[in-house]
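These notes open a run of structures that come right after.
Each of the two complexes below includes chain A, the first together with chain B, the second together with chain C.
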Partner chain A sequence: MRLILALVALLPLPALADSTRSIVDEHILPGFAALAETTQTLQNTAAETCTRGDPLNTAYNAAFDAWITVSHLRFGPTEQEDRAFALAFWPDSRGATPKALSRLIANADPVAETADTYAEVSIAARGFFALEFLLYDAAFADQGDADYRCQLIQTITADIAAVSDAMQQDWQNDYAAKLIEPSADSPYRTPAEATQELFKALNTGLQFTSENRLGRPLGTFDKPRPNRAEARRSARSLRHVELSLTSLKSLALALAADAPDIQEKLDQRFTKAIDVAARVDDPSFAGVADPGTRIKVEALQSAVESIRQAVALDLGPRLGVSVGFNALDGD
Partner chain B sequence: MKTTPMFLAPLALALATPAFAVEKADVLTNYANIAAAKYADSVTTAQRLQTAVDALIANPSAEALEDAKAAWLASRVPYQQTEVYRFGNAIVDDWEGKVNAWPLDEGLIDYVDGSYGGPSDENAFAVLNVVANPNFTLSGSEVDAAEITPALLEETLHEADGIEANVATGYHAIEFLLWGQDLNGHGPGAGNRPWTDYAAGDACTGGNCDRRADYLKASTDLLVSDLEWMAAQWIDGGAARATLMENEDAGISAILTGMGSLSYGEQAGERMRLGLMLNDPEEEHDCFADNTHNSHYYDGLGIQNVYLGEYIRIDGTSVSGASLADMVAATDAALDAEMQGKLSTTMMALGRIKSAAEAGFAYDQMLEQGNAGGEALIMGGVNGLVDQTRSIERVVAALGVDAIEFEGSDSLDNPEAVFE
Partner chain C sequence: MIWGRVWASRSASTHLTAIEMATRRQLLAGLLATSLVPRHSWADAGNPAFLSAAGLPGGGYALCGISDALDVVFRIPLPARGHAAAAHPARAEAVAFARRPGTFALVIDCRSGKVLAKLQAPADRHFYGHGAFSADGTRLYTTENDYEAAEGRIGIWDVNAGYRRVGDISSGGIGPHDIKRLPGTETLVIANGGIETHPDSGRSKLNLPTMRPNLSYIEDRQITEQIELDTKLHRNSIRHLAVSKTSSVAFAMQWQGDKIDAPLLGVHKRGQAPRLATAPADDWRAMQGYAGSVAFSADGEQIALTSPRGGIVQFYDQRDATLQQTLQMADACGVAPTQDKLVITSGTGTIQTLSGQTVQNDDLLWDNHLIPV
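Our next item is the complex of A and B:
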């Protein structure tokens, strides 16, 4: 662990409020609108067919893409009522998701009858990762009763759509204004506090991608852990890294709008990382034990770390905000 | 990175006003004094545990087991209050896993119930059961565990196979050896290990009572020596104190980093909210002893007493002096009032969890799916901790110290890479 001391810049940029407004209008609101739309399509598709394969997989992938694209925005409506966890509980180091699903299936638990009642169950049995087990994992292909499994798939998709819709509504109708117009009664007292929230989302998103999406499967050289890759069952592990980098890039460049030198540096580093990602030919990181593949995944992690450096050491001080505390603090 | 002395000037001037002068060095000294007292108290209570464990092993009885449990519970009171030192002080964080690692796959250590399951995807040694097996293979090499020693636990078994859940040492390993698994699910009641698990000859239950006693003895001795080591780091001339005092701004930043990281990511997130969202009674911090309400309470108290700069020792004496609160008050009195108010609110909320648990509403029950009262109690604590973190961030901004933490970042350990 290292502690680095930096002094908060004394003169915050005058255009902070403008940049927050454009981030809300161009990054946040469109992202949650896309999530609401694709999850509704997923629910409708599952209502018609719960058979593994297309068209359900296509709808699943589109909706999961939309979530990963906004998943770094974990504050306000995203954090209320456990919503973000209810959409995506990962990492799951104790295997809670398969355990919770097996228990529901074994008991044909009627809690799965409606999305309303399902909102009470453990987050481990909700959201995209639970659905992934049901749609892709061999162990769940024929576990228990087929009708119950179908009902479970339909209910989980309906729950995902309901949670996504609630987030979208709250962002649109309530929280966007709070972020744009700080005041004594708002969660943000000053434009600088709103900027810090967005800056923290950027930093935390990069940290999550580096430490969890890449670091967990990489493990150590002697002990690579391919089974710890995110969404490996649907072969989406690398895709999540690419989606998050693309989305975080747009947020970073918008935050740096009034600092062209830093914006250019960030642009270069993001572009490089996205380039490196495109050359990793291993969608589920199954090859982290293979030296040829491993070196590419490690290079990708270094590229993400170099973005984090620029964000923490250049962008933060220029904006006059610190990285503060996030959910990844601790052990 | 470089900090230009020029930028330091405005803050230094603001703090130079005589009537409000609070010297950073005094705040840091008091913070280190409190650490020294908390770790010394942790040593004292761990030695009492050691005495009780020795008595249990010499003359196993139901009463001796209860005495050892009572000593373990008492030892948690000062130790949990030290947790606020973890995340800001690398020397504590690097060491902490030896004494307080959690959660653990307890099947590594001793027998477990059939419902526990076998080896998992994540951990091939989840049911190794060292107590029952004097020889086994670990990551390809034969291990001779005929003698259970502190060295075996510390060097071979702890985090075996690179898996963090293989916890072989510390408070929670001892807790498991005293209480056993809590098989009550969401019902009230802690683990119920019979005292005869330590009995001699035919009276022995659970098998291998002598090896179990050896394990308990070795892990308790190790806990005492590990705590003694840490207590020594905080006395005058100790490494932790020296590092803290090296750079005053970095020291103040370390205090705030410890407070914020424990409040938010660790306690509110990992320890409280996650367990609630998973409705999992195993997501209890002190799950074998059903002591989680105290674990949370004393963690919160540690955060509060570090800010206020006053710690009440286990013998009732007080350690106090210049505090972060004094420093914030001199810079922005309203912010200090806000911070103190938030810390008190959190302690009220954590106190409600504690009093409900002590009156019979176990933490396991609070975690149960659909238990609205339990959810409200736990979320009260979570919300208080989350809310106080926002104020800690405001304090960071007001004092002009910015804590940036990178764990194990190669490029930061190699400054050239930053400017590639």
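Our next item is the complex of A and C:
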């Protein structure tokens, strides 16, 4: 096995192509298949009952889990037509989601009659975060007409399922091949460009978890912001960090398949971060103002930052996708 | 036409007198002749033609002056990574801005390296890294983020009162980045990049699905013209500006999405419709959706657009904004006009003119922008 790895290391381009193929087959396609399946279940469940609580909450949680697991793969079919934002409009710094929902409910807007027409509403009123308000937020428990709220829940879940299905179809039938087999007509001309796309997804996924999922609720020591935690209404904030770390770990280890030393380092740092997350006993980060809880959430952010560092300083250069002083700056 | 002119109101006459049309150097020469020369001029600082922030290979940062001959004529340590700088029109003073989301800027005497003043952003504000002086050098304007309100602001500082803050005005959008003054006028042009950020979440972009960048002109503290992208291009963040001697404004953009062949350069002239640059899709693709800096050549004939991510510099004919040629240059970002058309700096320490003169500084990583003095 060791000999094979050494030989592979001498053939960087085929090695990159092999690792892309395994990432597509084992990470990307199964992830989108799970998303399509769980969102279909969510739609079916809502069609039967739109009452708050189970079984709708269970279906919501399973589908949201599936989305968070693939949400770092923001390129190709995921980004097309703003699909990722149609599933998850967050951060919502201006409170656009509750405003858009209240407006629809107040007017009993017929746009919510079908998923097709609903695809035209404000993107803030679509997706899992809009659904979360309707299923969990006290302010939406009895707002407007109950039948309209039920229709809204059914339509939002149908829209989520339609968007997820479109992503899955496009990945399966079109984009997977483009990523695996770069060519002059593909968005990727070389295996290195495909690797760079996957590396970027890893990098931005880690950044999103550190800066948004953890950084937004942490705020500053003087001004903690528990109300800015992601999906806090359904107490999923910490779960999103854990799901994203688990998923990003599998992507990182696959990208480092030909660099066992780096793979081991990444494995250790991800494992550490996931352990630290398991010790945060605060699913919605409501306690970021409490010093005892805060220190644990800060430790989790530090652990994610140490992964980012290894990805930027070790994995990037080894994959040949490290970037310059200005290229990295992004300003 | 994929651009729309959102609204405009004509301002006072922009007829320019001969002296107003003069370049800054000619103006200085005029000042010398009439013995209005400032107490300390750029000549006392080694006559830099350009300013640039730099990183040092072992860590640490600096602000440097670069001469016409491409020699580094001064190097002043900075406490953190810089971004752009603003050069006082007459005195040898530079304002070095911290990298976004920095909350300070240093006014540096470029003869001695002494810090003359420190600009502190007000509470709940940070700088974006760019600033511009009024024509007479008595006012400094800075782009700022009022991040709790998610509004762009332009801070106004009284230079002669030791850079005291005297007020602020709306920038006309979210995420104002570059700011320039049109030559011979007090009109400011601002690139409102459209992207909301909050220091709690670092440099994460908070509003990509709803972002709406624009180009805003401010005269006498009022926004008098504003250009917005067609909604199909709302993810094209207008970030950096170059102004020609005839007040054409070239704007460089950064695409915030997956599409890879979006045009990254536009040209606008007041009162007219803006024009997007044209280049083959493969050439846009080579820019990797990211333009770092933009400059007109000294003769005004060409516009240079750098992409550190693509490792290339593209040159456009300013008349019709079409691509003429491409230069390969690793981590190229800073660009400015020079007597020999254009000069480019890179994060690898290279300074290169369009005619091929090259100087390599192995101990300096040139940061994003090259600012003409």
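Basically, the second predicted complex is superposed on the first by the 307 of 331 C-alpha atoms of A that agree within 3 Å, B and C clash if a C-alpha of one lies under 4 Å from a C-alpha of the other, contacts with A are read in each partner's own complex, and residues count from 1 in each chain.
Simple rule for what comes next: a residue touches a chain if its C-beta (ideal position, glycine included) is under 8 Å from a C-beta of that chain, and two chains touch if they have at least 3 such contacts.
Owing to the predicted nature of the structure, the values given are computational and were not obtained by experimental measurement.
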item	value
First (chain B), second (chain C), both or neither touched by A:Gly95	first
Touching partner for A:Glu120 - first (chain B), second (chain C), both, neither	first
Partner chain(s) touched by A:Ser306 [first = chain B, second = chain C, both, neither]	first
Which of chain B and chain C A:Gly219 touches, first, second, both or neither	both
Which of chain B and chain C A:Phe85 touches, first, second, both or neither	both
If touched residues of chain A are counted for chain B and for chain C, the larger one	B
First (chain B), second (chain C), both or neither touched by A:Arg279	neither
Touched partner set for A:Phe208, first chain B, second chain C, both or neither	second
Which of chain B and chain C A:Phe325 touches, first, second, both or neither	both
Chain B versus chain C as contact partner of A:Gly76, first or second or both or neither	second
Those residues of chain A which chain B touches in one complex and chain C touches in the other	82, 85, 89, 93-94, 96, 123-124, 219-220, 228, 323-327, 329-331
Touching residues (chain side chain A, partner chain C) in the complex	74-76, 79-80, 82, 85, 89, 91, 93-94, 96, 123-124, 187, 207-208, 210-212, 215-216, 218-220, 225, 228, 323-327, 329-331
Chain C residues touching chain A - in the complex, by the definition given at the top	55, 83, 99-100, 129, 150, 177, 196, 198, 200-204, 206-210, 239, 254, 257-258, 260, 290, 292, 308-309, 311, 330-333, 346-348, 365-368
Residue ranges of chain B touching chain A (in the complex, touch as defined)	1, 3, 7-8, 10, 87-88, 90, 93-94, 97, 103, 120-122, 161-162, 165, 247, 249-250, 253-254, 257, 260-267, 269-270, 273, 277-280, 282, 369-370, 389, 392-393, 396-397, 400-413, 418, 420
Partner chain B, residues of chain A touching it in the complex	1-8, 10, 82, 85, 89, 93-96, 120-124, 192, 196, 219-220, 222-223, 227-228, 302, 305-306, 308-309, 312-313, 316-317, 321-331
